[in-house]
Each structure stands twice: as C-alpha cells, then as structure tokens.
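Here chain A shows up in two complexes: once beside chain B, once beside chain C.
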Partner chain A sequence: MVESKHKWKAWLYLAPAIILLIVFTVWPIINTVRMAFLEGYNQTAVVGGATYSFGIGNFTKVLEYKGFLTCLGNTMLLCVLTVPLSTILALLIAVCLNAIKPLQRLLQTIFFLPYVTNSIAIGMVFAAMFNMVGTAFGGENELIITSGIINNIIEFFGGVPINWINSGSSYAANMVVMVVYIVWNALPFKILILLGGLQSINKQYYDAAKVDGTPGWRVFSRITVPLLSPMLAYVVITGFIGGFKEYSSIVGIFGEDMGPAGEPGKLNTMVGFIYDSLVTQQGRASAAALILFGIIFVVTMLNMYVSKKKTHY
Partner chain B sequence: MSELQNKTMQEKDLKKVSAHQKVGKIVVKVLLYTFLIVMALIVIFPFYFMLISSVKTLPEYQRSVPTLWPEFIRLRNYIDAFNTGNLGQLFVNTMIVGIVSTILSLVITVLSAFAFARLEFKGKNALFAALLGTMMIPGELFTITNYATVNSLGWMNTYTVLIVPFLVSVFYIYLLRQNFMQIPNELYLAAKVDGTSDIKYLWKVMIPLALPTLISITILKMMGAWNSYVWPRLVANEEEYQLITNGLRNAFTDAEGNANIPVQMAAVAIVSFPLFLVFIFLRKYIMKGVSRSGIKG
Partner chain C sequence: MKVELQNLTKIFPSRNKKSGEEVIAVNNFTFTIPDGKLIGLLGPSGCGKSTTLYMISGLQKPSGGKIFFGDDDVTELAAENRGVGLVFQNYALYPHMTVKQNILFPLQNLKGADKLSKDEMLDRAYNAAKLVQIDELMDRKPSELSGGQQQRVAIARALVKMPKVLLLDEPLSNLDARLRLQTREEIRRIQKETGITTIFVTHDQEEAMSISDMIVVMKLGVVQQIGKPQEVYDDPTNLFVAKFLGTPPINVFEGEVKGEKLYIGDAAVLDVAGVDDQPVTVGIRPEGFVLDPDGPLTCNLNSVEVMGRDVSVVSTHAASVNPTVRSIIDADNQVATGATVRYSLKPHKVFLFSKADESRIYFGVKSDG
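Moving on to the complex of A and B:
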C-alpha cells in the first residue's frame, strides 16, 4: 500500500459518502432506537413542545395491537409458504437446466425474465388474471361478466371458479394468489444462483459416481445437494430476509388498501404496518421496525447456524 | 466353440443393457424437457396475457370464453393509457431522477471505493466494517427518520428528495472496492512516480478496468428508479414529481377493481417495455450484478 503523504485526501474522497451516510443512515439508526423507547412519541407534537417519558410502552402497545398481529401473521405465513416452495422449484429447474444442452440458453433467459419486471406493474397483471368482473358475487343476484383467465382455465379442466381476490373472497384464496405471485417473482434470482453453483461443481465427482454405477437420485442427494449447500443456504437466507420485508407485491395485487375491496388491511404486512404509522405515530413505527429487525436478525442467525452444521464447503 | 458362443452371448447381453440405457436416457431427456417447457410456459404466461389483453377491446376482453388471440387489434388502448395515466410526464420525472441519481451515485461510489482500495489512513478497516454492518439493517428502519428529516429540510415534493437520500449504497462501494483491489498496485505506484494525479489515474486506469462493474451498477440503479414505489409515494405524491410506478398504480385502478383492464394492461406493457429492452441488450451485466447482490435495484 502507498503511504500517502496526504492523508486528508482519503477523507476528502470519502467525505460525500460519509456525510450522506451520517444523515440518512447513522442518525436514523440512533433516532429509531430513541423514538421506540419514548412512550407514544409523535414528531409533530414535539414541535409543539410535547415531551415524552422513557419506557417500553411502544413495544407492549404494538404487540397488543390487533392490526399488528394480523400483519405479523400474514408476513410469517407468506415466508413459511413461499421460501421452501420457491427454493425447491428453483432447485428442480436449475438441476434440469444443467442436464440439458440444446435450448439451455433460451430457457435460462425465459426463467430470468420475471426478474427484470416492475413488481407493481406485473402485480396488476396477476390481479387481472385472477379478477372476476361482475357484481354481487356470491349473493342472490349473482352476475358475473367474466370470471378471469385463471378461472377460465379451472373451468376448462372441469373445476369450479373461485373468488380469488374480489370482495368477499376467502383468506385462503387470497393467500394462494400471493404465494403464486411471490414464488413466480422469486424464482429467477434463485435459479440464477443455483445454476451458477451447479455449473461450478467439479465434473470428476459425477464421473466417479458413474464408474461406481450410483443411481441418479443418490447422485443428487449425496453429491449435488451437499456441494450446492452454500448456494442453497444463500438463497434461503436472502429469501427469508426478502419475505419478512414483503410489501409491494401485495400492493401490486390488492392496491394500497392491502386487501380485497371492503376489507382493507386484511393482507397487510410488517412493512405495511410501519408505513401506516410512520407519518403520525413515529414511536409505534420505530418499535415495529426494531421488532422486524430483531426477527430478521434471529432468523438469519438461525439459518446460518443450521447451514454451518449442514453446509459442506 | 462353447467359449465362442459364450462370448457372443455376453456381447448380446451387453448390447441389450446399452439399448436399455439408451431408452432410459431418452425417457429422462423427454421428461426433463417436458418439465422445463411447462415451467417456462407458466413463467411466460403473464407476459402473454398482458400483451394480448392490452390490444383487446373491452367487450372482447370481458367475454366469458376468452379468446387466445385478439380478433381485432386495438392499438388505441396504448394511446388511451398514455393519456389517462399522464405517462409522458411520469416518464420524464423518472428519467430525471434516474439519470441524476445514477451519475452522482457513481461519482460517490468510485471515490469511496478508491479510498478504501488504494489509500492508507487511520481507522480504514474499522470504518469499512462499520459500513458493511449497516447492510444488515432493513431499509424500513431508516425510512421513519428520513421521512421526518426531509420534511424538516423542506424537501417534500422535489426531485432532491427522490435523489439524495439513496445516493450512497454501501453494497456498490463494496462491489467496486473488490474490483479495484484486483488491479495491481504497481500501476498506481508507477503513476505516482510519473506525477499523475489521483483523479487522472482513476479516470485513465481504474475506471476503464472496472467498467463492467460500473455498468452493472448503472443498470441496477436505473432499474431501481424505474421500479421504486414506497419512498416516492411517501414524499412526492404531487403529480409534478410523481414517478412512473406510483402513477401506474393510482391512475388505473378504481375501488371495485373494475377498471378498463385492456387499457390498464397497455399501461403496464408501456412501463415494462423499457425494462425488457435493457434486459435483452445488457443481460450479461444484469445477471452478473444480480448474482452478487441478491437485491432488486
């Protein structure tokens, strides 16, 4: 390394980054902790001269608040459903892609396509696909103009149309739509990482297995999965982190009400809760943000602990 | 003779086995391709649905038995979408924010990465570790305070508020620093001996060598502006400064969800189209950047 005579130069180069980071990253961290521990903190009231006492009231209030528990439940459920599902599907697709030669690049490109999309815009496409147009669905004067392309497909195979996202739809149906959309959205990144991992596995392992006449599924479970485990751990960890921050995909499907017509907030998430209380209830929002950070931290540590035990480097 | 017979029989057996294996292999290949093609069709279906719906007339779209290909191609939907959503203005706003924030962000990132990769100063490693530490914290935690900060700075509904808070990305600094570290230090020493200034050295040597990383950062940053939704909705909701994603969600939905879906799909297609263009031409850089980041934008 060069022992620069002008040490101030380094600081000069770093100055813009450091100044911006202090204002928009370091101060928010300190301030969020401060606001979270001031009971019922409200920024606008502070300007008016209000003072707040120190305490853990925000946390207990947040946890007692029914809206928050709904958000927490929705977020957890989405994580638990989408992360394993998308990981397994991505693994299957990546392994299959790795086993073929013709069309490999074309298919790889197609599978990456959902990544370069706008999650709000394509959410609107999914909403249209599941949308029923009509009035008084489920009532006496049921009048459906069109039941949506997904229901058309279901009917084509002899099924009964389902009210997926419209007014009066069930929680399970809503969840199915969200899971389908989130998995569709999550696949490209996972396939990219896993396929990259597969292509870097030394071919010698497979040759050795071939000489020994090892059956295919055993090759998969004893060679492919262990050697791929660092990448698997990586996609699971990033998947959980992304899952706990789920927000805009729900806006894409259900709009800013975060639920079917007439039931706003039914599918709200942790991040949605923070945004709802951010303008007027900074204390509550801060407490929720710290809880979210805590959950992500614990889940990530847990994942790392498990993968350290199971991962082969 | 019997030995000969034995040998031919063994050969026959071997042939049988290899024929068996061949059939098995073909079956496996067929299964592989079937699975992949079915999955690919599922993945692509929403795009197909978006495109065909975007050129249908409303009555055709609302038929109970849908048409797989529009009977009449109505391109007017695109004009309607452009006008109702005021997409022109939103497009200009998004481009201004995207371009300005990308350029400023690149300058800041290059300078910081250079300092971390090439210069020696007290506390360098501690500072770098602290920066990486902030990457663990979810961005929502910052938003609460940043909202109050920009409010008290009087930045609400300006371009500034959409650009400045997100100029520094620790991840991009990290990415570029790694790239800069791979460039041999001897080059820098030689340049110092020649009396070349840091900035000239950066511009003539480091930046050309790290160009692929810089292109990846540019693309991800532009895509970030194009796709950003949450922060702009909070701080710049006036139409004058609204970004394209916000306009899209608000302009084409009514409370019942019974909007004119073909026009809505046309708007979605307009917004998606630039992303596809970028993807087609710059796929290599996107995939490279993405595989190292795991973040969208």
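Moving on to the complex of A and C:
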C-alpha cells in the first residue's frame, strides 16, 4: 500500500484540523471533566492560588439545587412536546409538498426561510406577536398600547386576550409560546430531510400500490412511513439532542432573565443553568454539563434502540 | 378476459415548449387479445411497448382510443379499479415487508363484498406462493432473495388477487441468462395453469417467440405485425420485422430484379415470378443457404464456426449490407476450406423488400421440383 510509505505526510495534512480539535474540543472536554470533580472549583480563585480537593460535591450540589430541577423539568417538557409535534408536522408538510408540482420550489424555499434566520431575531418577532400590552414609548406622557397580533386575532374572533409572555402570565401560556416557536423553528430542517427522503423513494412502489387498489392512508402508513423511517429516526434523534440544548429560543422571547418580567428563571433550561453558573461556579457548571451529556447520551441510545427495531434501512 | 384495444394512441407533450414537437409513443394501436392467451409486445426500446402496457394497466391515460376488458370499456377507469396484476421490470417489492406481507398486501386492500377473512387471505397467499414455488421463503425479506426468487414473488403478488389480466414489464431483463431461460418457461407454465390473459413486454425477440401465443412487433409507436411467432418469423411484412426477429439475424443484401430473376451482384440467384423489374433489398435467413458447389451465390469465406449441432459459416459479399454474411448449415455438411463458398438458396427463406418503403414484395416460387 502507498499509505505506509508517506505516513508522516498524512499526519502533516491532518495536523491543522487535529491541533484545532485538540485545543478547542478535546482539551475543553477533559478540562470540563476535571473541573466537575474538583470541589467548588472557581476559575478566578485559582488565579488567586486556591486549590481544590477531588470529589463529587459539584454533582450533589447541582442535583440538590432547586433551580436545576426547574431547568431539567422545562427542558424535558419542551423536548417531549416539540420533538413529536414538529416531526409529525414536518412529515405532513413534506408529504404535501412532495405531492404538488406547481409552486413546489417556491413553497420549499418559504418553508426553509426560518432555518437561515437568526433565532434571536425570530424570538423577538414572536415576542412582539404574543405581546399582551404595549410598552411606554417615546416621551414621558406618551403611552401607546399595542396588543400583539395573536391577541388581535383572538379579539377579532371575539375571544379574550391571553397574557402569553408578559408579567403575571401563566406557565402554560409561556409553554404554548415556546412550543409554537421551537416547532416553527425546527420545521425547516426536518422538512428538508424528509422531503429529500420522500423524493428518493422509488415511484414504482406507489404505482404497484395503485394497481393493487391501495387506499391513500394505507399507502402512507404501510409504504411511505416505513420507507421514510431512516430519515424519521434521524430527525427524531437530532431533534431530541437539539431539544436538550434549547437555550437561545428562550432568550429570544423572554430575554436573558429566562422568564416573564418579575419571574426570572421560570423557563430556564439546562444550558441556561450551565450559563448562569459559568461566571462564578465553573465546577458546578461542569458538573451540570456532564449531567446534560449523560442525559442526552441515554436518550439517544434509547432512540437508537427503538429505531433499530422499527426502522427499515 | 378478452382485451380489446381500439385506436389506442399516446402522445407525450414536448419538453421543449418552443419547438412544440410532440412524441407519439403509441400510434393508433388496434388489436384484440383473445381470452387466456399469452401475448408478447416486442420491439426495440422507445417503440411504445411499455407505454401500451401501462395504458392497459391504467397507470397511464391514453391520449386517444379505447380499451375494453371483455365488453366493459375501462378507458376511463382508474388503475385500482381495473383488476389487473402488474409485474414491474425491477419487481417493486416492498423492501420492508416479508414475502408473505408482500403477497398479502393486495388482498388486504379488498373492500366491501370482496373482503376476505384472515384465513382466506393466508390461504390464497400460500396458493399463489405454491404456484410460483416460493412457499418456503414466505418469511424472508426481498433483500434476502435472489433475482429469480424476487421475480416469482412479484408474480405471486400480481396473481394473488386473481386479476383479469396479468401484465409483465420486461419480466426477464434483470435475470442472468440461465435463469432467464428457466423463468420464461415458468411464466408459460403459470399462465397455462391459471389461464389468465397475459401480456408481456420485451425487447428480446427470442424470449417473445419462445413463449408467446402471439407476438406484436412494434416500431416507433406503430404496430408492424401481429401474429403467431412462427408465422411472423416465416412471413415478415417488412424489412424491420425481418431484421428484428431471428438469431443470428437475417442477412441483408442489395439486389435487383430483372426479368423475374433476382440478381445479387452479377449473379442471378433466384427465380422470382411476378415481380416487376426494380432494385430491391433482399433478406435471406441464415438457414436459407444451401452449400452447393454449383450454387449461384458466391461469397468470400471468412471462417467456419462449429457449434456442435450445426455449423455457422461466416463470409463476405460485396452486395451485403451487413459486414458479414452468416449462414447456418447442418453439421453433416463438409465446408470446403477454399477462398470462396458457393450457395444456392431456399426460396421460402428469401424475402424481397421494396427499396422505397421497406415493405415486402411477394414473389411466386416456381414449382419445378
């Protein structure tokens, strides 16, 4: 073989990537593990000469911390709500898109737009849409009351405006907004993958089904979904991984307080918790990051196990 | 079930809108397929044979003409309501289902009065599987089967709902040579056992000739000839049909008729009664040559290929359209190994075609012994 002769050349070509990976990925991971197991580790104190003993105190502290359980609960709930919902919606949209000939390209582009738009910007638009009352605007005495478009629509149909995200809003209302936003944001990628999958299914299966007089729903459930199952599995697995890392969407709507005015942290997530701890409590942040990693790992394994049984490759 | 095609036409609109040229895939096809027969649609690729098949299946809508199953006009009927069984070229077996599930699938679609109980479905699936001899593979996935086995599953799936008409699109093209031979006999056997009117499409003339009750030869959407395989072979209506049927292919010469004699080059090779003087294209079947030291047709000998049962003599002739002239003669004959070989011709293996439109020119054979 040629490779044995010029092994050093191969390493040379790989070197830039390997060096960057070591510096920015491998070492930080190792360092995270190290910091997680140093009791009450604090970076600034290290500079001052502090030393830390080895132990699992960071983990127990994280688990005992009440805010952490809120974050974990919020994250789990968002995952469980958004992943199935966005997957089913994406599947329906992809199937519909695949079924039409005219405007397919245009609609495909429109559905893909959220993917290339900044999620913070989208979050701010959503925040405006779900607004309850306006803000003080302009000069001292000028108070312009604006209702968000969603409440305008509700009022138009004779409903009572709902306090979605403002001060005093309910947890359920907050969650509805988050789920709508995250699902909408997650759709384009999923539609893209599923549409690609649909277009690669051999048309003859559908011809064969047609000749055999198969009703539409049966074609969908017995042919389309099974043949699309590898893509569905991929979309669900990456959806859960993304869902557990949910953070910027909440910042986009509620700001860095991670909750409606007056209730900071109400909608905080795992990643949010890690961020908050990062400034003064790197040990705790590292421990939380490892816990998050563990959860994602287990859930992904579970997903893979289920999909292996249900997926036809 | 008798299948009747009346002026069946399929026109595909042009892809290039500016030129506006339409493609006539099938042009005015009229033919009645008798009940319980095996029909081969034969032609080179692009001749419209598959389009015809798909129009009969209902997957494609004809641009004109009518299709009857028995006395029922099914032209406007959707594929699912026609009751046809269709076997696709690459079988289109559902890859995620086992053989059993694949065969059961059409039965599970039956509605209303036709609805079957689970046991009845299994019964019929196993009967269909037995017919094509795959009843031992019922729990395998298609990917675990050989090409020939997949083919059988596809046929079983098409047969299980007891179709009025069975359609096969290039059923043998994905099989290797040996399997092809075996499978075509198998298709013949299954068709005979079930008595279902069967139409299959092929570009392989040998395949079509060997198992069909009747063959339809098509070219560029136009039917050239319909008939029993042997009749079409022995009596082609035009040069295309003559060239398309037969292996090795027919030998084609430039010739001329003068005074009711056929000349190839300078030699008068055959008496052709009743033909006006004109230049003609001459087709001579390989088996139409007889070795004859005094024969009128002299060719330059290239090589002699011994094939056991018979001998193939490869030679050249200045007037031949093909690069070589290939004749097949009985192995008992000794082929002289000289520079030339001389033949006389069997008149019924010689066909004359008009130079103008390649149509057949019939001639009378003198019956002088």
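Just so it is clear, the second predicted complex is superposed on the first by the 295 of 313 C-alpha atoms of A that agree within 3 Å, B and C clash if a C-alpha of one lies under 4 Å from a C-alpha of the other, contacts with A are read in each partner's own complex, and residues count from 1 in each chain.
Keep this in mind: a residue touches a chain if its C-beta (ideal position, glycine included) is under 8 Å from a C-beta of that chain, and two chains touch if they have at least 3 such contacts.
Just so you know, these numbers come straight off a predicted model, no measurement behind them.
Partners chain B and chain C, once the complexes are superposed on chain A, both fit on it without clashing.
In the superposition on chain A, A:Ile291 makes contact with neither chain B nor chain C. Shared-chain residue A:Leu113: touches chain B; no touch with chain C. Applying the stated contact rule after C-alpha superposition, one finds that A:Pro226 touches chain C and leaves chain B untouched. More residues of chain A lie in contact with B than with the other chain of the pair chain B and chain C. In the superposition on chain A, contact of A:Val271 is made with chain B only, not with chain C.
In the overlay built on the shared chain, the residue A:Asp207 is in contact with chain C alone; chain B does not reach it.
Minimum Cα-Cα distance between chain B and chain C in the superposed model: 5 Å. Note: no residue of chain A belongs to the chain B contact set and to the chain C contact set alike, using the contact criterion stated above. Of all the residues in chain A, the ones that touch chain C in their complex are 202, 204-205, 207-215, 218, 222-223, 226-227, 229, 312. Chain C makes touch with chain A in their complex at residues 57-59, 78-82, 84-86, 88, 90, 92, 94-97, 105-106, 108-110, 157, 161. The part of chain B that touches chain A in the complex is made up of residues 29, 32-33, 35-37, 39-40, 42-44, 46-47, 49-50, 53, 61-66, 107-109, 111-112, 114-116, 118-122, 124, 127, 131, 134, 136-149, 164-168, 170, 173, 185, 188-189, 192, 198, 223, 226-227, 229-230, 234, 245, 248-249, 252-253, 255-258, 261, 264-265, 268, 271-272, 275-276, 278-279, 283, 286-287, 290-291, 294, 296. Across the complex, chain B is touched by residues 1-4, 7, 9-11, 13-14, 16-17, 20-21, 23-29, 31-32, 35, 43, 89, 92-93, 96-97, 99-100, 103, 107, 109-122, 124-129, 131, 133, 144-147, 149, 152, 165-167, 184, 187, 189, 192-193, 196, 234, 238, 241, 244-245, 247-248, 251-252, 255-256, 261, 271, 274-275, 278-279, 282, 285-286, 289-290, 292-293, 296-297, 300 of chain A.
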